[in-house]
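Chain nomenclature is as follows: A, B, C, D, E, F, G and H, assigned in order of appearance, with residue numbering initiated at 1 for each chain independently.
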């Protein structure tokens, strides 16, 4: 959005000729900065409540860095997911203060103004140790969007008492993200224990017939606990955005 | 739960020797009434915020009716989904006041005390006319659980202006359920237009390579709009329960 | 086997020129009675511990009845699975004393000599009411093979306390057959609670992306409870034979 | 085709004993130059309107180079797709003037006579930055076949206004190639906005359940915008050839 | 679009204050008539060159008839595909002059003004007799949209001379629709013989491992003839719309 | 082929101006009789050694009967596969002497001149009674093409001695067709016992995860017995044609 | 479990105020030691008859080593499966006496007290040399759990006499684990030869359409030998645990 | 087989007390040499007409070499397929005279006595250059088994005249092996042109939706040319063994 247009719009808001809601809507529909290989949407924050996030997979380190610098220049904060090590190194060099998390494969730069806080806690539960990278991607994302995050680790259903003994934590969460590979059974049990929304994340962890997470995905889609919703395999990011939408609604 | 035990528990609550939360928790873990072919969980309302719902598929009309009568006898209200016509007829005979919806394939009996109302409106959007039965199952379920329901029908992405012209309704909803078959593309567009949680429901509507909804399911799981979550194919019921969890959180 | 050959063999056993084990082995490898459309293996009992069982699907009522009469004529008892209603009627006419079970879709005729009893109880657990036909096929089969059978019905993981409250029954079973559709998560939980062998049976019960039991099958193959083994979708018969092998070993 | 036969044919055309169309048809059915590992079709230009294109995948650099030299020797121009870096280096050495494009993985040598120009513009639209290699393969191919090419980049449906603001470009294109991974929803929206032919190209970009482009492929095959046609996953080349056929028809 | 608004717009066009292109664009983005179960897009003809077509599958006869009557009332003509026999009967009763085609499963009512004619002939080729219903759906659709249609029937590749002997017809077509089940190989051969655009339609005809057309679909997507594009299984309608887009471009 | 042309060609053969092989080749490339819905290839016998066979699935009884009458009128004999009962009745009425086989779903009319006999016996082996319809289709087809046919029924690998006791029959066959559903394991065992060609036919017989024959198909394609080849699921006809090609080579 | 609590419980057992079974049950439900990335279940031995086993895949060498040291410190013995070479080296350094098996990819440390011995022999049969790594994982696991292990190698069904000549070994085994890739047919034959329980393990060995073991998996699930149960692809560990459950029941 | 037993058997043959066929049969069922990791079947030549072939994939170079040396020591000749470069180097060192073919990935050592020659020529046809490795594996195998081999390269159906111009070679072959990736359409065309047996080999060559050869495999299984049989993806070896069985029958 060209600054002059913003100034004009704001002056109209100021003198009452344009209502605030109308101004907000106009801003949120405005076009975006174009690079030869990307169209950056600087006003997504206005429209959706979180800034444009860079999906690092399939982009060269140089492309990632260039897009990141444009976003960072606005002071809106920055989140990059699926950062390859080379891209992470480059971001570390160019963006002072960036937080790199190699387990979650994320790069994060706090915005100048913190995001609005969510209503409650987002509890991230994992079935096994091998599910941690996906859970950590969810945790970094949820925190970046202003949510309070708690974790419950390695409480898969084959040892059901590990989960049941944590009943208090389960029932206090505002939203639950349940991350599981292999049989993907954990969300069904969790979904039956709580009233809050449960988002299931299948992971690609497992032996042969897990088919890179397909087994867990199907399990979760067929959950006998009503009201469990599902995101894509290994998509910790998507689960956290959904949780944040709920936690800010 | 044996009435005497409830009386005793309540007297403990009354005299302060047992906290309310503790009593609630005990009640919600209590076992259930057993039929030869079913174990009815009369306290699910306490634990999950909605009564046991009968999944009618794969059960004989007689089984459906018998379970339904047990639940109805408690006055908690009753919801049956995927009711075959024969089972619907039987329910109509035995349960005075039951509301049968042949499009949604549901039977509903209002509880003696209405459920707690949700915070906002659940907006149910369909891509095409053929998606209506699934959307209607969601609508009946959401309403049964105390949610205010609105509808937006036949606004698929091939005529994108049909959707865009309804921007106000979209942005005012507390939760959005988006029902689509064929290409399943509608939730991606809706997810990019609103801040609220979006639940996508793939339907089995479509030509050959829709593979009974698999195409739409995969589309939705891969939605480029972050934070869209997905339920099983044709699972309007599950989407509504998830929406109700969010709307009551 | 031609009677004369049996007589000769037995006389050799009688005079000690052939050891009993040797005679048993010869008998168990002997060829079988041929119909134009089937080769009946009358000595399977010797070789495998259970008589030839007729798989009713894909056979005409007349074929089923003719094979059944040949087997029944030997007095070895008879089990037919997947009996279509027409075939069941025909069997009822021609085989006095046959037990028809329409839920299990089986026909059973007790042998003149009861089979050797198994060591312990085979416990058959179902996740939901819709799984009962498969469970009942397993129950009829296991009983026919000399096993003591117990049942635990409608204890799916979405209400985990229904299962946990039955811990005693679980831990006393010699073998457990766990029948579940939809998410197929129940065997993982059961497998983590007991030491005994657990056989998981996926059923074709469920919404769209259950893909006629594929989802439950994959869940069970990927069970995070070690040592759970799996049989084909809806194959209650196979699960019971496996349980009987274990219970007679 | 043996030069003598061509000379004879042309003399017949010259004296009118053979019509031009007949001569063209005969030429276009003539056999081809054989290498031990390939049969080169030098007259494909006559028959199909574009020269033989080398599919570089699965061929050794030496094989690619040898076939390329034979084709280049005719002066018909040359296009190689899916060129591995080693093959690209070899082509760069042996074919002066070859244009190597590492993003598109192509090698191109202009023919001595430029191809006949297409009627309008081929507009290549991408949903995201990660789709660019496939789009670029399409762009190089379309240009090589005489088409005017335009690009619209990173306009995925999650930010639908990015696309709608470019309505003029969309409606002026003669043919549209829409390249998208993940949910593959973009062609459905584009197909609903324009009258011109739309060719959809799914890409293998995405998280787990994109199944290397299968999700996007199915989305596009099930497009609710009538008249969208689809090519293979990541097949930018095929889309461009189809577009060129349309643009030259 | 409310008639008054159209009138006003046209008067603006008349006095030159609004350009024709602008008026056309406004009309084509205008909203649509809403039924409780459908949103009819009466201006699709303006925007896309063909009227709204009713997809009959999954709609009740009454719904089909009601939508059809609304469209017919405008005089724009009408096309319904996948018409169930009951719906066809109803349409026959209510819409005088409707043409019912039971092989193609279509209902067609000519518009008051014929559609603009296409540039050339759309040739519809079938591999076998069993592919005829899909081909006929394509033929009816293409004709309804103003295209001249020709047919070439039962010329599958197992008897390649049947196809080669029709070379003249192949090379004269402006667009070719090739319909094939089983191995789906015909479009590859056709695509190598002609310069014009080729649209491949897989059908669900075949033995077991055709998987209801999946085999033919994959064959066509992998066609070694460059530039063949593909539509969904059995989607004769979609192929015809694509052909008409090309033939009118 | 027009009779006059045949007469002329034969006179040329007679006077030596055309060689016999040349005449044979011309005849075998000649075009064919066209119905509105089919192109009948009357000279397939010359080119391929067997007459045109009608695939009955997906054709109306009237279409089947009309094509059949045209072929029968030539005296070349007739084979129809996958004949629906209605079509069989119609063929029985119109074609005196036709042999209808309801198990094999075939209709057969012997040619005026018997086909050339094959070199040896085609042995058709089935794993179970439920595989008989497919085996019988193979038997009828092989016999119709002049092959001596033998059968070995219900000798699946779960009772391996049933097969081993028939070693002599196995080793004397010229070609073996092995028909099996469920696990599809029989061809692997047979392939290891004989030197002759083995053709495996998967059938759609089995429980859930047989996926309508997919399991057996994959088993056979992965046979550890080298040199086993495979045809489509339930394709007894194709197996017999392949066997006949071998037996006549 | 805190030592004091165990001491107290045991004193209650000693004085008879708590029954042994009750004490065992309490111990087996007790919570577990928590690391930041894992929850170790030290009492699994009590509950399930074998100690916690570490699944090495997807864990870093450092994580594997740390968990292993905690378990080893208890003296319960240790088994790690799917050990990457780096993790194996680290375990070798830190755990004196650990047995590393590179073929089986396992690390094993014997417990201070040997596990209770099983009743009979677990016989592990492989179809081919390439199946050995999976079979060896099963062998190491079964031995670690106190079972006597025997092996039968490279006896696939394509040379059926290799198997039949070992009839004595087959019939003496208490449990049989049958490991096979490619066609996966071996368990069907073995299952028909013995009375004892048979556990089938598909391996990912094979050509293209084995689909990384899917073909063998489906074969085994569809085994025509009744009572064969199946574990996940390449899951030698799971098969051994199941065998040990049976052998200790 | 122990030499003494062979000597005794042969003396019985010599004096007429044992018929030759009987002796041959006994020899062919004799057991085999056992290594710790393999059971070598030295008499497969007698039983099946070709020596044991080593499948190199999944075996260590040392295992391959050791098995190879055992076989070579008998003088029966040797064929290894899927030889990794390291294994090939080792074989080259240890087996003088071995022929290594890096394109076909084979190692071959001629036997002391050449195999019996086949009746005719095995013609190996490839659709494209990228299919050559599979075709070459077939060629080496067929030649090793005593067959005369011819080749026809790069004659895919997109340029159908390349194939038709080679009609003479096609019609003279005794058996045809047709190797094709991508659409896999070539065998359908070839199968319609010849009377001889046609074996189709799908290859894993192609763009995304070829799914590593699945597309071509399905095409071939659904071939509309009757009597085409199919082997596994990339299985040139299996095709050649099947061809050799046919060519020696």
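One rule holds for everything that comes next: a contact is a pair of C-beta atoms (placed from the backbone, for glycine too) under 8 Å apart; a residue touches a chain by one contact, two chains touch by 3 or more.
The model shown is predicted, which means the values in this text are computed figures rather than measured ones.
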| item | value |
| --- | --- |
| Any chain that touches chain G and chain E | F, H |
| Farthest chain (mean CA position) relative to chain F | A |
| Shared interface numbering between chain H and chain E [over half = same, under half = different] | same |
| Contact-richer chain pair [G-H vs F-H] | F-H |
| Interface copy of A-C among B-C, E-H or G-H, judged by whether over half of the contact pairs recur | E-H |
| Centroid spacing, where centroids are CA-atom means, of chain A and chain B in whole angstrom | 26 |
| Distance between the centres, which are taken as Cα means, of chain D and chain C, whole angstrom | 59 |
| Chain centre separation in whole Å, for chain G relative to chain D (CA means) | 54 |
| Chain C-chain H separation of Cα centroids, rounded to whole Å | 42 |
| Chain C residues counted as touching two or more neighbouring chains | 128, 159, 192-193, 206-207, 209-210, 214, 217, 221-222, 226, 232-233, 238 |
| Pairs of chains found to touch, sorted by chain label | A-B, A-C, A-D, A-G, B-C, B-D, B-E, C-F, C-G, D-E, D-H, E-F, E-H, F-G, F-H, G-H |
| Interfacial residue positions of chain C with respect to chain G in the complex | 47-50, 53, 120, 167, 171, 174-175, 192-199, 217, 221-222, 226-233, 237-239, 241-242, 244-246, 248-249 |
| Contacting residues of chain A [partner chain G, same complex] | 128-130, 132, 153-155, 159, 161-162, 165, 205-210 |
| Chain B-touching residues of chain D, taken from the complex the two chains share | 127-128, 156-160, 164, 182-185, 188-189, 191-193, 206-207, 209-211, 214-216, 218-226 |
| Complex interface listing, chain G residues touching chain A | 29-32, 34, 36-39, 41, 44, 55, 57-59, 63, 67, 202, 204, 212-214, 217, 232-235, 238 |
